[in-house]
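In the two complexes that follow, subunit A is the common piece, with subunit B as its partner first and subunit C second.
Our next item is the complex of A and B:
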């Protein structure tokens, strides 16, 4: 075993995902404690060009046609091969659509311990995970021999994992990637939608607290009065009350408006990660312990059904008068 | 087609969560448990598949307070078999332990598809689905929001950020981590659940020797502290609305 930290770089269709840089930043923190190096692992086909700004001591590049697009099967085999050969102290994955498909399977496959939802490492090397919708943090010692980690965003800034100095890239032969049971058929592009919420300066966001489809009109009215655009959390979109193009969060869009008014949204990590670029977050939520108040600048626990209609009237008054 | 849906209960996040005297676990005393939201979607997806092409849906869950009601509700929605795993679950088990014991039981059920929720909010050692897949020797794909079964293959829609979808083909049998069913989980009338209580059978199966190897040990739990807590505006709706108007004006959006 050695003390190096492996980071499985997440990339999709020629673009390195922000979580990869966040992982590199976390890996440096951890490596300081273990005394090892930070090694970025780049799996794919013709992906060496993605290595340029990775803040790593070395990039291990594994090229294979079966890795051209992400599938859990091929990734598990490829990472298993590297892990067994190099025995790093930890392997970091994103707590994402990519990393979560791989890390747990690998844990069972290799009999290695796994820690999920890690947000940051403490200076002593302990992990701190974020669970229960962001309401609880859990701390512990990094398990041995090789700890598999899935990392959530928020603990480090992507810029901390970027470097102006291109890292050294080492080609590594891919292990046998046969007997694969998962194959990509095609990508289906997201629906464009009538507005791009990522570019809107004023967003009125509704969450499960809105209760029914009919109540969406409360947000519509306020948005119309203020000149903003309505968007939503996942449960609202899953109900079909608003289209996917209005989804804010991990599976939707990241937004950075001047003002983000969150109505009946708890601020779960999968939602919160996509709104921290907002200039000012204002939250209306009856639960004083809702995590949204940890990132909002202004908040109120007034019931949305009491407050929103009154607020809309007053906005209209202010605009009219 | 034989579909198995492992379901677990998780703390209701609307309730206050407190940490117990050990300092390293949630206080279960006042914890209200509800079905994991994504397991609810997995159940719905299983029933939709059965309605489209026939088959049997089996719900399987570790025993805990409240699971009977959850199982009867699943039956009222269309589940055929309801299995309660009986073992030492009172103080909670991690997903590695749960996956090992579930794999043993599920293997005997010879499923074509196992649908789990993509994650549970209290997972600390990875999500259940991919662990289960590995112990069962099946392929796994998570973040799934659409499934079509075609002979011995499943075509699934896997979500990536920003609304991009990958259509993937998996050889069956397979385990899928369901993010969202193709339709929102259906509502069932209480009367139908009551009916299920009278007619449905709960099968009990033993889950001996739970082995948590592979999960981390938690030294301490704590509630996160905000770097800067929101400035809270109190008062009645009128007062709060006035203050918000003022804030909107300050910020130049009104």
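Our next item is the complex of A and C:
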């Protein structure tokens, strides 16, 4: 076993995902503690161009046609080969739909411990992860011999994992990648909407607390009075009350408005990670323990049905007067 | 077609959580438990497959945990499951995903299930690991985070979420383990007649020791509530005063009201 930290670089169609840089930043923190190196693992086909700004001591690049698109089978086999050969102290994956898949399969494949939803590492090397939608934090020592980790965004800035100095790239032969059980047929692009919520300066966001489709009009009225745009968290979009183009969160868009007014949104990690770029978050929620209050600058613990209509009236007055 | 649906019972996520005396899980007293939301989609998809096959399918609903989880199993049976399996375990909170997946694998291994459904994650631990580990242990195809599911013979064409709104269509053959994302379908409410029928259905119970042979791979040393230092400034006053304060904030931070 050595003390190196592997980072499985996540990329989708020619673009390195931000979570990859976040992982590199986390890996440097961890490597300081273990005394090992940070090695970025780049799987794919024709992906050399993606290595340029990875802040790593070395990039291990595995190229194979079966790795061109993500399928967990092929990725598990490729990462398993490297893990067995190098026996790193930890392997970091993004806590993304892809990363979770590969990390879980690898854990079963090699019988290695996997800690999910890690937010950051303490200076002593302990992991800090989150459960119950971010309402409880869990902490522990990095399990041995090789700890598999999935990392959520928020603990490190992507810039910390970027470097102007191109790292050394080492090509590694791919293991046999046959007998794959799942094939990826086609990508589906995100739905283009009438507005791009990622570019809007004032967002009125509604969540489960809005309760019914009819109540969306409360948010519409407020948005119209303010000149803002309505967006939503997952439950509202799943119900079909607003189109997918208005979805804020891990499976939708990340936003960075001047003001994000969160109405009846609890702030589960999948949603919270997509709004941290907001200048000011204001939350209206009846649950004082809702995680949204951990990231909001201002909050009111009030029933939205009492407050929002009054606020809308006052905005209209202020504008008309 | 033999179908297994693995479900979990979890607390209402709006609950006020406290860490328990051991400091390594939440205090389960005073919490209302219900079926994990993601698992409702898993049960619904299984029942839809049975309907698609004109009833030529047999659905087993499995849950691991203390006596309370029987309620969730019964809900799954009322939604259309044919049989319930309660793996009795009073130490559920101490099990890691590896142990849970290997317990289910030990139960499922000799039974030749064609299709295993589960939620994409539990709302409490949220590990997302159990389905994918189970697939690997059984040597089944695996597809996670599904928002679309179509079965044709023994070929599944599914829609899965990737990142940032991008999705993918994947194809695989049975046997398979799939994990269900919110929005995959619209879970049905059990009707009263179907709730009554649950009593006539088989509900099996096994001690967890029948299937669990693995030690946990990960150890949590302590749990705690997030620090309050980054918390919002909570505005006070009646509704009218609150609205005035919000208006002032909006005026200060944006140009729209100037």
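In this text, the second predicted complex is superposed on the first by the 321 of 321 C-alpha atoms of A that agree within 3 Å, B and C clash if a C-alpha of one lies under 4 Å from a C-alpha of the other, contacts with A are read in each partner's own complex, and residues count from 1 in each chain.
The rule is short, and it goes like this: a residue touches a chain if its C-beta (ideal position, glycine included) is under 8 Å from a C-beta of that chain, and two chains touch if they have at least 3 such contacts.
Since the model is a prediction, treat every value here as computed from it, not as a measurement.
After superposition onto subunit A, the partners subunit B and subunit C occupy overlapping space and clash. Residue overlap on subunit A between the subunit B contacts of one complex and the subunit C contacts of the other covers 12, 17, 69-72, 96-97, 100-101, 103-105, 107-109, 111-117, 126, 130-141, 143, 150, 181-191, 201-202, 226-228, 234, 238, 244, 247, 250-253, 258-259, 266, 268, 279-283, 287-289, 291, 293-302, 306-307, 310-311, 313-315, 318-319.
Subunit B contributes residues 11, 13-14, 16-17, 19, 24, 26, 41, 95-96, 99, 118-119, 121-127, 129-131, 133-135, 139-143, 155, 157-171, 174, 177, 179-180, 184, 213-224, 226-238, 240-242, 244-245, 247-249, 251-254 to its touches with subunit A in the complex. Residues 12, 17, 69-73, 96-97, 100-105, 107-109, 111-117, 126-127, 129-141, 143, 147-148, 150, 181-191, 201-202, 226-228, 234, 238-240, 244-245, 247, 250-253, 258-259, 266, 268, 279-283, 287-289, 291, 293-303, 306-307, 310-311, 313-315, 318-319 of subunit A touch subunit B in their complex.
Residues of subunit C touching subunit A in their complex: 11, 13-14, 16-17, 19, 24, 26, 97-98, 101, 123-129, 131-137, 140-145, 157, 159-173, 176, 181-183, 217-226, 230-235, 239-240, 242-247, 249-251, 253-254, 256-257. For subunit A in complex with subunit C, the touching residues are 10, 12, 17, 69-72, 76, 95-98, 100-101, 103-105, 107-109, 111-117, 126, 130-141, 143, 150, 181-191, 201-202, 226-228, 234-235, 237-238, 244, 247, 250-254, 258-259, 261, 266, 268-269, 279-283, 287-289, 291, 293-302, 306-307, 310-311, 313-315, 318-319.
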